[in-house]
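There are two complexes below, and they share chain A, which is joined by chain B in the first and by chain C in the second.
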Partner chain A sequence: MPAWLAAPPTVAFALAAGVVVAACLDAAVGDVVAHRVPRWSSVVRPWRQAAVVALQRRTSSERPDRQAWALAPALLLGLAAVMLTVVPLAPGVAVADVPHGIVLYGAAAATVLIPAFLQGWSPNSALAMIGGYRMFAQGLSSMIPFALVLIAAALPAQSLAVGEIVASQQGLWNVVRTPLGLPVYLATVPALAFWGPLATPAGRDLAGGIDLEAAGAQLLTWRVAQAGVLVGMSAVGASVFLGGWAGPLLPGPVWVVLKTVALLAALVAMSHLVARVRIERFVVLAWVGLLPLALLDVFLTGWWLL
Partner chain B sequence: MEALRLDRRLRIVDSPRHATVLLVAGALPATLHRPVALVHDALAHPRATVWWGDGEPDLDWLRDCPRAGGDGDVAATVGAVHGDLMLGRRASDLPVLTATTRTPWEGVGPYGHGGSGMTGGTPHGRPLAERADDLRDGLALDVLPLTVGPFFPAFPAGLALRVSLQGDVITEVEMLADPFLADSADPPRRTHTFDRARTDAVGLAELERARVSHHLRALSRSLRTQGLGALATRVLGAAVAERPPTDAVRRLLVTVERTGLGRAGAGVGILTEASVVGRGLGLLARASGAAQDARDDDPAYAGLAFQPITQVAGDARARLLQRIAEIRQSLSLAERAGDRVRQPGPALEDPRVGATAVSELLGDLLVGAEWGDAVTTIVSLDLAMGRRPPAAVGAEAA
Partner chain C sequence: MVVAVSTSWVVDMAFAVFGMAAVLTGYRVFRTDSMVRASFWLLASFVNVGLILVLLNARFLGFSVVLMMAGEMSVMAIFMVMLMMNPAGLNPMTMVHQHRTSLAAGLLAFLALASVGVLVDFPDDPARVEPATVTAELGAEELGDSMLVFQTAGATLLATMIGSIAVTSRRGRYGDAEQGSVPPPLRPEADPADGEGAA
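Let's turn to the complex of A and B:
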């Protein structure tokens, strides 16, 4: 089969599998934190909930922007797919093994705030709109440190290709070589994926915010796409900071999957154990704390390379 | 009602758009009839309503709904209705309101040009967007008038605020009347431990355990608002348990403290000591530094080395820390109380604070706050709807 024909089903499968794993992890960690006996229903619950949402008919608010509202989940799902395309499973094996893979990924991650804002803005509803504002505030503040730690990770490889970045870590993973990278990355991913302590755009204080007015297939696609973004960011994080396919005994692709699931589990645990951060506090933290740390990460990596 | 969150057969959602079944519990005051109809119509199809209560519902459109008796298994009823709905064995509810009753034309004259201003009045109850002076950085934005409640998920049911927002900053706030207060002319039910303690002798250990339970429920609501639903469920489980093991509750409090829950309330919703003294606000006053606690003068507590705990800051974080500290204090008191009995008579330290008692303070608390901080503040106040302000409670007792 030609590569261009094999790519879409491969990405779709990876995305679907990742989203299912994320949903099951979320249900299981939720049960553990709530001190409930985990049951089989924990694994079945996400499917049931998805089925219920899929059976619901779409609702409409008063004078929504229908086109933008329909576009938002599709765009987010597309961005999640783009993120997964750059993840290499083995040397030279990636859907899009492009020379500027990390830039492509950074652009997709930064663009997430467009669909998230549209999801809040389109329904013409006050609290959803505030959710959209919040997405811009936290997205713009976290984007630069997010991009800087990716650049610092690319420096030792002297290449922007994700495959090269992974190959350059075969002796020493970036999590050790650029020690500030992964912490800053894990602090900015929740902001860009509006997840866990930074799920403020969809916060309970807004009765669901950007999700407030959505229902039916639109909501289901949106939730799947959000989980997909989380999976994409975990997979790239595993490649860029945790050495990707490197690891003993097991074949390379298995290591990529294991490391991705580990990062995903950390993000899921964060959402159940870390309280929401005030949006104003986060914006200040991002500009005053994360940005200098990310710059320091770049300078230290450069100095180490000299 | 809150205990339904512990039932694994149900999933309680924050937005009516995400629900399949609307559960209406008990009789509703007349002022809530329209809001409940609006919530009903916001549910996505297929949808159904279950009425939970004894006797006959007071709304026409609720009469033909499936019902769960006051003491029946409401989760099973809701589950059955949900199942029928999903399998297409039950038709979806029709809307209660029509297009014209939902948003009546409130302009003046046939085209709204008869009054003063551009459109004459406020068409559909919504004024035209106008800019106003900004409180924060001089960027004047459109003012958005908004009524939040009475069924806003983060607020106690019945609390409704009329707010004006610029961006997400509150410029004006007004608390609408407490809907449960007007209708609660009948004597309060004596099932709550603190209601019984006003007239009857109650075991001190039982009273302190009831206080722990009350504060754990409030803590659970704070956790849920800050996005920690699973932990909130665990705290709620400890609150409704008959006699939760003291050590387990103490460990749970440590877990809660580790989430950084207080961060969201640091510097938010500050009540000064001067504004709270003498209002009978109990825990809220102590969190602002006023060492007022009726237990201090209660002979039942003599010899237990009771000392009121206080905080300094008076913000939402201080109220949270105060609540956690008082849970620990009450656990310790309950352990040491033995079979002591508290006699009615002396002033009772009731943990429940009536919403109207703080309504005058709300303006100062919320104006200038971002919406998220305003919600954190209101949740931290733990307002009990349907309760009279302390002065009126005193008059009742006299």
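Let's turn to the complex of A and C:
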């Protein structure tokens, strides 16, 4: 089978597997946090919840923008797939082994704002729309530190290819070499993936925000796509900061999967352990705290390289 | 993607698709009735232009166009909604004005660009394989000796942006905006709320 024909099913499988793992982790961590012993039934719970959402009757609001509303989950799912294409499983083995993979990933991560805003804007509903505006506020505030720590991680490799960035970490992982990178990355990913403490666009204070008017298959696709974005961001984070395929004993691709799951577990645990942040506070934190930290990360890495 | 780019008829077809999509979505910008939709149609047009750049082996520029435009169109959408007093861009409004002038300007621009496309003898020199060289050569070709000037202007613009955000922040130099911040009076005994210092 030619490579370009094998790429779509490979990415679809990785995305689906990642979303299932994220859902199971979410159920298990939720049990642990609630002082319940995780059982096998916890693994079934996400499927049941998904079935409940899928079987919901599709609702509609007054004069929605139906095309944009239908586009939003599909676009988000596509962006999650694009994020996964740049992740290398072994030297030279990636769906899109392009020389500027990290820029492609950054473009996909920045575009996440658009479907998230559309999901809130298209239903023509006030609270949902406020959720969309919140997405713009937190997304635009966290995008610059997010991009800066990725650039700082690419500096030692002297390349924007994700494979080269992983290869440059064979001696020392970026999590040690650029110590500010991973913490800032993990602080900005929830904002861009509107997840956990920064799920403010879909906040309870907005009666569900961007999810308020969505139901049925649209909502299910939306949730799956959001988990997919989280998986994509974990996978790229594992490659850029945790050394990708590097590791003893086990083969490289297994290490990529293990590290991705580890980051995914951290992000999932964050949603159960960290309280929701008020959007006003986060915007201040992003501009006053995260942006200078990310700049410091770039300067320190440059200094270290000199 | 890397495989597809190497075969020329695939590139030609992809160029046709992206080019037509860029023109059509660009046309939709002016035919839609909402500023938010107009922003996102424009974004779609720019994404197609970015994909054409990728086909031209300038991948860094192509991806960067998508990266920048996603953020830029988001900002444009909220700013237009804020400034046009059209709640959330939901009230239908026309995207075109000054019909005759814009028609003439559009036709003139089209004819000028089309004549350049038809009349100029373009070099038949396929782009080299290394995209890194393409980006570097394009930058040197466009900016050349002015590179330092442009870099300095970029840093100055960044400082201006951070400064304007600091000036407009809620916790400004005259106190918290929600507490009704007012500039201090010019005379020490005067009441800040009325007098020369008040806005």
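In this text, the second predicted complex is superposed on the first by the 306 of 306 C-alpha atoms of A that agree within 3 Å, B and C clash if a C-alpha of one lies under 4 Å from a C-alpha of the other, contacts with A are read in each partner's own complex, and residues count from 1 in each chain.
As a convention for this text, a residue touches a chain if its C-beta (ideal position, glycine included) is under 8 Å from a C-beta of that chain, and two chains touch if they have at least 3 such contacts.
Just so you know, these numbers come straight off a predicted model, no measurement behind them.
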Chain A as common anchor, with chain B and chain C clashing or fitting: fit
Partner chain(s) touched by A:106 [first = chain B, second = chain C, both, neither]: second
Angular separation of chain B and chain C about chain A, which is computed from CA centres of the superposed model and rounded to the nearest 10 °: 100
Touching partner for A:84 - first (chain B), second (chain C), both, neither: neither
Which of chain B and chain C A:196 touches, first, second, both or neither: first
Partner chain in contact with A:133 - chain B first, chain C second, else both or neither: both
Partner chain in contact with A:4 - chain B first, chain C second, else both or neither: second
Chain A residues touched - chain C or chain B, whichever exceeds: B
Touching partner for A:231 - first (chain B), second (chain C), both, neither: neither
Chain B versus chain C as contact partner of A:121, first or second or both or neither: second
Partner chain in contact with A:277 - chain B first, chain C second, else both or neither: first
Lowest C-alpha to C-alpha distance for chain C against chain B (Å): 5
Residues of chain A at both interfaces, chain B in one complex, chain C in the other: 133, 280
In the complex, chain B residues that touch chain A: 8, 11, 14-15, 17-18, 20, 42, 44-46, 86, 103, 144, 146, 152-154, 165, 167-168, 223-231, 233-234, 237, 258-261, 263-264, 268, 370-373, 375-376
Touch list for chain A against partner chain B, complex: 29-31, 33-36, 41, 49, 52-53, 55-59, 62, 126, 130, 133-134, 196-197, 199-200, 203-208, 211-216, 219, 271-281
Contact set on chain A toward chain C in their complex: 2-4, 65, 68, 96-100, 103-104, 106-107, 110-111, 113-114, 117-118, 121, 124, 129, 133, 136, 139-140, 143, 147, 160, 280, 287
Chain A-facing residues of chain C, complex: 1-4, 36-37, 40, 43, 50, 59-60, 63-64, 66-67, 70-71, 73-75, 77-78, 88, 90, 130-132, 165, 170
